[in-house]
Amino acid sequence: MLPKRATNAMRHLPPCGGGREGGQPRPGFPVTLFILRRLLTFAATLFVAALIIFILLDLLPGDPARFILGINASEASVAALRTQMGLDAPAHERFFGWIAGMVRGDFGISATQRVAIGGLIAERMAVTLPLTMMAMVLSMLIGLPLGIVAAMRRGKPADTGLMILAQTGIAIPNFWFGMLLTLVFAVALRWLPTGGFTPWHENPGAAFRGLILPGLALALPQASILARVMRTALVDVTGQDFIRTARAKGLTRSEAIWRHGLRNAFLPVLTILGLQFAFLIAGTIIVENVFYLPGLGRLIFTAVSERDLTLVRSATIVLVLAVTATMFITDLLYTLVDPRLRRQNA
Amino acid sequence: MNWQRLLRHPSLVIGLGAATAFALLGLISLVWTPYPIEQIVVARRFLGPDPAHWLGTDHLGRDMLSLVMSGTLTSFLVAFSALVIGVGIGVPMGLAAAAWGGAVEWLVLRISDVTFAFPSVVIAILIATLAGPGELNAILAIGIFNIPVFARVARGGALAVATQDYVAAGRLAGLGNAAIAARHLLPNIASLIIVQATIQLSLGILAEAGLSYIGLGTQAPATSLGLMLRDSQSLFLIHPWLGIVPGLTIVLIVIALNIAGDGLRDALDPRLRREGLNHGAG
Amino acid sequence: MNVTKPLALAATALLLATGAAWAQSSEVRIGVALEPPALDPTAGAAEAIDVVVYQNIFEGLTRIDQNGAVQPGLAESWEIAEDGLTYTFSLHEGITFHDGTGFDAEDVKFTFDRILAEDSVNAQKALYEPIAAVNVVDPQTVEFQLSRPDGLFLFNLGRGDAVIVAPESADNNASEPIGTGPFAFVQWDRGSRVILERYEPYWGEAPALTKATYLFISDTATLTNALLAGDVDGTNNFAPEALAVFENNPQFKVLVGSTEGETILGTNNAKEPFSDLRVRQAMAHALNRQEIIDGATYGYGVPIGSHFAPHHPYYLDLTGTYPYDPDAAKALLAEAGYPDGFSATLKLPPVAYARLSGQIIASQFAQVGIKLELISMEWAQWLEDVLGNKDFDLTIVAHVEPFDIGIYADPNYYFGYDNPDVQALNETLNATIDEGERQRIAQEVQTIIAEDAVNGYLFELAQTGVWNAKLDGMWQNAPIEGVVLRDIHWVE
């Protein structure tokens, strides 16, 4: 039987990539129950993701003990280290041990680095999260005004120019753009460091400066997308009745867009932002390599090349958690912001 | 739709034309390249563009034009294969969700959730640790990533169509869910899928470049635009040309595909504009 | 060649214009490609560990100097008994570990007992197996009893694997190393850097530097930019492909020296068709060594014809054993029963010299009909596949251990070479103390393995350092793994 579903909420949701239509509260559905259901889905998603990661990594070829001891180590040394690292327990014990540990906040001990993984991940998140936020803010600071300007100058050279710029921005690989940025702003002009990261507690200013260029590299394609979405959203609302009414009341088109259009263009933009956070987090993995930032992505990379199973799976699940949590929060925000949904839920 | 209508959209003509030209350039490399790309002659490396080597030679003395041709093919091939995975699995999933609803829909959405929770780079890392890096790794990583994208596009589009009269008529005529999905829903969301496919194709080419750049994608002696970019990265200050050629090729291909996507969207269904198809999905 | 260098020129011009000559009288920032997985050199093989800690944080009884010679370290002198089986070391007085505890003979005994213990995780345990007992004579005197003479014993004591650790701190050395060296560990920002500071109560001559920061930058382009921008002061080993950026730049000096890294085309001698000498000879003839050196090391590699370092006094030039000759290669292949060549896999670890050499060798082998499939892998997988399971046809790797020709006497080693003559010679070599005799035997082994074409012998890796022109005292050669800070200082 086909669901007889009201699809008006869908009109503002992009039908692709993470728009959570399925989770939208239906008319008369209490908000708390909705949140609870989403929370449950969120937890189930994480559990399944953890299972997938574990199964994949459990099959992993390569012996971490052999890696640590290297090319000329004796079999006896390798076997001794393997036992010491607890690689002999059965798979299901190791899986549930891992999950139970994480719930307690204990991520285990890194095989190669021999320190608590929880601390390692926390250190890296102190780079990756701010970097993602930086990219997010930069993409909004760049993308939204440009989108607004383009919408206001619709059809004029400024609009065309900006949209060509946006097309190019989407098309440039971010790692390549990052390198070009470094050459200009770090090597030639020496305004900013070429990379590396000073811990926040040591010098917050230096830490911030270290994130600007990688943030820009990450932000460029996202800003371009935002500019396009913003422009389209604004162009759309300007065709709608309330703008026409406003203009009839004597406002210019720009004024009408400023006063009424922006608020209505907010929903599609919010959806994109939620999506972008997830993509930015993933994008950091590549960009961290260009700027030698000690982020979560580089941690995973190193751990993979060192066959540090416990570290790879814990770091990966944290990354997955970050993505899933963002989607979850976007969902919640969405229900709070959309006036229609609020009315329905009241 | 007819061709004349399509041709009224200049961006579609330009974008599609350029993208096709690049794809053809890649396809030609299957049967002919100016020089074989495996042929390494260190003595003739770092030549600038000249009549013998139109785009010069790289750090191993390979002909850059041959590499670009072959690299373009790999990039397209990876992005296209990933697209086939995404469409082939995602669209049936989305249609099933719309047609059956209930538990099927729930399951499809949850599978999408889980898949979506893994960014493509993470999938690529996991696969690479298992099976080693390579084109296949990139195809799978990008392909898996494409699945929820198409599942959601298909489901969203199908739900919008499902409320229409002819679907109800079909149902009254006794058609089952599968028949409804195949006969009524699929044709009506085809344009939506095609437009999204163009976008995912361009994203796939960018993603392949990123994966090859971090060493998880295409491996020598094969080449891809991303791998060429990676190889030239450390030489950029000495031989910037080696990076500019593949970099610019990527940029041009992606722009062409995106322009084609915009044009297609306008041409196929003006209403799609409002559905806000986005590039954010990559 | 080099038609345009606009960016390099522009960057250089700007560097000169800004004249980056701010005083950094006593601190140094060194960029290194690999981050160590841990900081305990006695419990891991990674070269990256020694790069940071060797002779900086930790010291051994002896130390290796920049020419590869053995110098007194924590032991100020030693006596060797006539039979070569007893070594008596006199230790320096007044030495303390960085945590303030004193150093004496008990620490030496602890260190070696730990290396030789049943559950030892020392990567080079085998090197110290000749040690039968370590006896504490008095706090300043320690005596080693060997079960057999060992010509390399004093050298091996100077390795990073045998640095002296204290029982109080040894368990934490992986993350908080405590040694007796001139520099003490301050902090490790994982994924980013390790900071060392001068240890003021150091027993020996105080180094000029007060602080050293190791920054981990794996990407060559990024390291190039960091050097150009002055974010790092130097690196001990820079990718040769981009050296041209610094070669004519007065702000920098490029130090080209030798390493102990014999780069070989590792061949599975135990497997068809490589078990056939003619096939191995054919492959040796098919290798155009100079092209590989030019392509993979930009001319900085030194050709080798056997498994021996060219700068070593025992070195014998055997590069002419099987000169580049594709026709001879084809003839030998035909003789061995492969007139149309054969297919094989080439497993490549994640290092630039291997990946580049692999591509070039594949192209060269294709000319004689040998089709190679290149398989790139991470180190851990390479170690398991190639070294552990011997599941490979061919591989490319640099053997960076000094004087490691003894691996050819181990039939269980990954290239599966089983030659009783070599095994007997190696035993004699180990038990021989006389220099002239040792040289004769070492050269005989070099010749045998070269003629047997056990592996494809490609080149000795060069060390190519790039440093700020105002820095001095860096090691030009790398006779042992490490970036020794002891003599590094700024000059005006």
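Labels A, B and C are assigned to the chains in the order they are written; within every chain, residues are numbered from 1.
FYI, contacts are C-beta pairs under 8 Å (C-beta built on N, C-alpha and C of every residue); 3 or more make two chains touch, one makes a residue touch a chain.
No experiment lies behind these values; they were computed from the predicted model shown.
*Asks:* A-B versus B-C: which has more C-beta pairs touching?
*Replies:* A-B
*Asks:* Work out per-chain C-alpha centres and flag the one nearest the whole-protein C-alpha centre.
*Replies:* A
*Asks:* Measuring from the mean C-alpha position of chain A to the mean C-alpha position of chain C, what distance in angstrom results?
*Replies:* 41
*Asks:* When the C-alpha atoms of chain B and chain C are each averaged to a single point, how far apart are the two points in Å?
*Replies:* 44
*Asks:* In whole angstrom, what separates the CA-based centres of chain A and chain B?
*Replies:* Taking the average C-alpha coordinate of chain A and of chain B, the gap between them is 21 Å.
*Asks:* Identify all positions of chain C at which a residue touches two or more other chains, and write them in rising order.
*Replies:* Expected reply: 7, 11, 219, 221, 228, 350, 378, 381.
*Asks:* Which positions in chain A are in touch with at least two other chains?
*Replies:* Within chain A, the residues that touch at least two other chains are 61, 179, 183, 289, 304.
*Asks:* Chain B: which residues touch two or more other chains?
*Replies:* Within chain B, residues 129, 233, 236-237 contact more than one other chain.
*Asks:* So in the complex, the part of chain A that touches chain B is made up of which residues?
*Replies:* It comes out as residues 1-5, 7, 10-19, 21-23, 41, 44-46, 48-49, 52-53, 56-57, 59-61, 167-168, 170-176, 179, 183, 221-222, 225, 228-229, 232-233, 236, 268, 271-272, 275-276, 278-279, 281-283, 285-286, 289, 297, 300-301, 304, 312, 316, 319-320, 323-324, 327.
*Asks:* Spell out the residues on chain B that touch chain C in their complex, using ranges where they run on.
*Replies:* Residue positions touching the partner: 38-40, 42-43, 45-48, 59-61, 129, 132-133, 215, 219-221, 233-241.
*Asks:* Once bound in the complex, which stretches of chain A touch chain C?
*Replies:* So the residues of chain A touching chain C come out as 61-64, 66-74, 76-77, 80-81, 84, 112-115, 120, 123-124, 127, 179, 182-183, 186-190, 193-197, 199, 289-295, 298-299, 302, 304-308.
*Asks:* With touch defined as at the start, can you tell me which chain C residues reach chain A in the complex?
*Replies:* Those in contact with chain A are residues 7, 10-11, 14, 18, 35, 37-38, 43-46, 118-126, 174-175, 189-193, 215-219, 221-222, 225-226, 228-231, 350, 378-381, 383-385, 387-388, 399, 401, 407.
*Asks:* Chain A touches which residues of chain B in the complex?
*Replies:* 98-99, 101-102, 105-106, 109-110, 113-114, 116-122, 125-126, 128-130, 148-150, 152-153, 155-157, 159-160, 162-163, 167, 171, 180, 192, 196, 202, 206, 209-210, 213-214, 226, 229, 233, 236-237, 243, 247, 250-255, 258-259, 273-282
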